Amino acid sequence: MKRLQLQRWSNSVLSTRARTGSHLQHHLYNAVRRQSSTAAAVQPEFSTGEAEHETFEEIKLKTILRRTHSRPNQLKYPSPPTHAAHESAKLAALHARLYLPSRLPYETLARTLVDASADQDPNFNNESLSTLGHDLLTYYTSEHLICTYPRLPLSVIFASMYAYVGPKTLTAMTREWGVEHASSPGGEVDPGLLQFQRLAPGTELQEKEDGPRPYQSQPHWRKTVTSKIFYDNEFGDTAKTAAEGVSADQASATFVRAVMSAIYLHAGRPAAKRFFQQHFLSRHLNMAELFNFEQPTRDLTRLCARENFERPVAKVIAETGRKSRHPVFVVGIFSGQDKLGEGQGASLSEARERAAVAALKGWYLYSPLNVRLPSAMEEDEAAPWKPVHVDLGEVIV
Amino acid sequence: MFSRSVLRRFASDLRMSAPSTISGAAPHPQRACLHQTASLKASQEQASSQLSSSKPESPLSATPRAQTSQPTTNQRTPPNNFIPQNRSHTPDEKRPVAPEFKEPLKVTRSLMERLPHLVGQAPHYVVAKLHDKPYLLTPGDHVRLPFLMPKVQSGDILRFNRASALGSRDFTLKGNPHIDERLFECRVRVTGTDAEPLRIKEKTKRRQRHVQQIRSKERYTVMRVMEVRVKTPEELLQEGAVIVEEGEDSPAIEAKA
Amino acid sequence: MTVQGLRTVTSAQNGAGAFILQCKRLDLHYNLQGASSHGLRTFVQTLLPKFARQYPQIEFRVSPTPKKHPVVRGHYINGREKPICVRNMQPNEILKKVILLKEASGEKNRRQSKPVRSLNESVRGIWSPYHGDLRGV
Amino acid sequence: MAAIITGPKRPWLTLPFLLPSWTDSLVLGSRRHQSSYRRTKQRLRVKPDASFGSSAERQDHIIYNPPSSAPNVYHTPTKFLPPDDVRRAMRPEEPVKQDVESLPGVFKKVYEKKYHLNPSDIEEIRKLRLEDPMKWSRHKLAKRFDCSPMFVAMVCEASQQKKEIQKQVLEAVQSRWGAKRRMAREDRQLRREAWGRDM
């Protein structure tokens, strides 16, 4: 019999049932070898690699294996049983790695890792948790965005919401938290792995049918921002689902949302806010890169008319090599004596458009000093409320 | 060296006798200047004389328990064969102490007048000095020091207290040669150690076939800048700063050269 | 639509807010009989429990490998792994290696000439000859 | 040019006892050329701004030294700040403003808006445009009514027929383009779209 490579044993092949192995190996090891004196807190996972070099152990292993699998509590359930959460080293490591509060029990953390596609029972999957977490995340993000940048146009708010708590970001965070995916869900899986029913390759995602939409026959009618706010999700997308299974992105996003709500439920609001600030708001995003203007000069003229500023005029501030192959123009846009924006380009029209873009970004990216969020008032002994800046809204042409 | 040992003894005496008096009740103005590092808990964690490390007001985790990577005090007695790796293993009397300020922070009137301009103009950068080498830092930066910093481990928060300049786009707070550490806060978190690829230098000598190979693989400390903040005038006054008039030799405003 | 929002993803800055230890798992493989594994066996018995209690973020796996030299292998969040052979090492030496694995980021070792790497744009901007006052070079 | 700005490492003038009285012309003449890569590099190395150098002040102080770089979009122009923002009062220190009127404009001629057309004129424009779109193009209408072609486009639209014809003309022209020209035109279009994203 060819000896199996230990690496494979301990990695992917056995990963779904690594805890089973560890459990029985632990027994076996203490009984036979009396060598492991590692502390109970460590819970080392002994791989089954040693099983084959002693016949006595092999026999014992087989009996234990048979007994384990005949035990109804392992394979009967679609997701790991609750008591398994305390025996998983992966789960404890994840709990410690995220510095989760001690009030958040392992069982809840294990539940956040079970997707609805793995276990349909709402008492054991993370669907309800993720709904709450989703609301919390979008609430805190939108509150932060609207208070810090009160003049952002709605489409840019959608884009920045997507950047902060969109499914792609949440997937990246799951990866950065060191959460691994189980290859397929089941009761014998280590509770520290993310469990979901994988999407079959080549499956097409369908748009979710949730209630009637007006003017469904004219699909382009729903493309207005107002319709997006009303009918679509917080990023302005229509929700998409498949008949069976979910994509890894969806499952990861659900998991992160569920963790957020688990902290909220077990450790309270301040802890949840802190978690949000440290894990979500500390990520890097350059807001100025989210804008895409189609006709910046026209928008700027409209803006100045709306705000009763003088009509914007483009003036050349500096230039070089007008008759050469690579000229450079620096154009400023002035309203009266005040400079609104400045742009640089290889042609006068390019420099002018860039200057208009800079001026519009200067308007939209206004951020007041000492911003206080409305949710800060939820805490006790909060300072008296100072109203935040509320803007008229974006320029409508 | 003498003064440090005296200070250390003083601090350890304080620790023995009344650990709660300083951080707790009735801070007199000099003490109040010590910002958050004033509490003794923080002073125990100081990394070196140049860096004082402290915890921010709100710890990283939801509960303090989860954040501290150190065991509690009763676990601190190391066994014989255990190498001390972090500060929690070093005995109290061997740890560096927090800076003791003899007098309150003195700021000139012109600095007080211009400070709101600097504070109101985010973002800020700081030219922090470490072993007299400048590092231009902004929040979120990844720093790989050109050396391995001793007695730190990943997750530790250090406070850089020596800077030659701190500025925003249009304003620069300059010190001569360093800014007073009570004017700003710059915190970094140690994220681990990094190593360069193994270098092999071949040494040859004349008339000798033997080629000596010198191997070197330096290790470096990697950090992430958590915050760069300049304090507002209100905070400074609250911490006991004293406004002084400019000296006769200093011009009021130094225009751009 | 006068202005469109472009979709991007925020980039992680581990340590700027929350800090996540990059080493997620340590595998300790040793031989049950071999003399070269003696140090690791002693390490597992004496020093490992304390170390593991100190760093609950790391998952430890201890498993015997017959007829092989002992190996400590660190698994990192970025998917890479770092194996270190610890044959004939004393427990204290092994502890140093384990600490090395714990502190590492999992990235490949690279030469880096500049000490500071930043995602932020320059605070004072990039010098341009068309702005500010003129000066000779 | 370089010889004027940069001096030798140790100027002769600092050692006046070495200089005879007739060396004034010789100092310029005997200056070394920047013959090596290293020297050129060294001279081209940009020194830190002079305001960052050491100053006579002994205490911590704040200086106002705006950088010579393009403005940042995160720094809202003073005009765009809401009236209750404290930063409005903090910005008196703007450098001496150059007179905006004296700066050259982007366009050669600035057209004053006249607002001289009345509704009946506009009706006539529409009528003419519909009657004979081939004859009454936008530019011709603009010339006749003394307004801009832009205004004509705002007021009325060409008939479907005219649009079709125009489309065919364009296709005929584009069919004669080779690969190079087509690619160049497409690239130009892409570059133009990038202006709005400020890339």
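Labels for the chains are A, B, C and D, by order of writing; each one numbers its residues from 1.
Rule of thumb we're sticking to: a contact is a pair of C-beta atoms (placed from the backbone, for glycine too) under 8 Å apart; a residue touches a chain by one contact, two chains touch by 3 or more.
Treat the numbers as computed from the prediction; the structure is a model and nothing was measured.
Student: Grab the C-alpha centre of each chain and report whichever is closest to the global C-alpha centre.
Tutor: It is chain A that sits nearest the middle.
Student: Between which chains do we find the greatest number of C-beta pairs in contact?
Tutor: Result: the chain pair A-C has the most contacts.
Student: Which chain has its C-alpha centroid at the greatest distance from the C-alpha centroid of subunit A?
Tutor: D
Student: Using CA atom averages as chain centres, what separation in Å is found between subunit B and subunit D?
Tutor: 44
Student: Quick check: how many Å separate the C-alpha centres of subunit C and subunit D?
Tutor: 47
Student: As a quick test, compute the distance in whole Å between the mean CA positions of subunit A and subunit B.
Tutor: Centre-to-centre distance between subunit A and subunit B: 33 Å.
Student: Rounded to a whole Å, what is the gap between the Cα centroids of subunit A and subunit C?
Tutor: A distance of 23 Å separates the two centres.
Student: Among the residues of subunit A, pick out those that touch two or more other chains and give their numbers.
Tutor: Residues 96, 99, 275, 278, 282, 284, 289, 291-294, 317, 344, 369.
Student: Which subunit C residues touch at least two other chains?
Tutor: 6, 13-14, 16-18, 21, 53, 55, 119-121, 124-125, 128, 130-131, 133
Student: Could you pull out the residues of subunit B that touch at least 2 other chains?
Tutor: 60, 120, 123, 140, 169, 256
Student: Sort out for me which residues of subunit A touch subunit C in the complex.
Tutor: By the definition above, subunit A touches subunit C via 3, 6, 10, 35-39, 41-42, 44-47, 49-50, 53, 89-90, 92-93, 95-99, 153, 155-160, 162-164, 166, 168-169, 172-173, 175-178, 275, 277-286, 289-295, 299, 317-318, 320, 328, 330, 344, 360, 364, 394-397.
Student: Show me the residue ranges of subunit C that touch subunit B in the complex, using the header's touch definition.
Tutor: Within the complex, subunit C contacts subunit B at residues 13-19, 21-22, 46-47, 50, 53-55, 91-92, 95-96, 99-100, 102-105, 107, 109-112, 115-120, 123-125, 133.
Student: Can you name the residues of subunit C that touch subunit D in the complex?
Tutor: It is residues 6, 121-122, 124-133, 136-137 of subunit C that touch subunit D.
Student: In their shared complex, at which residues does subunit B touch subunit D?
Tutor: 106-108, 110-111, 114-118, 120-123, 165, 169-177, 179-180, 183, 246-247, 249-251, 253-257
Student: Please name which positions on subunit D make contact with subunit B in the complex.
Tutor: That would be residues 49-67, 72, 74-75, 86-87, 90, 93 of subunit D.
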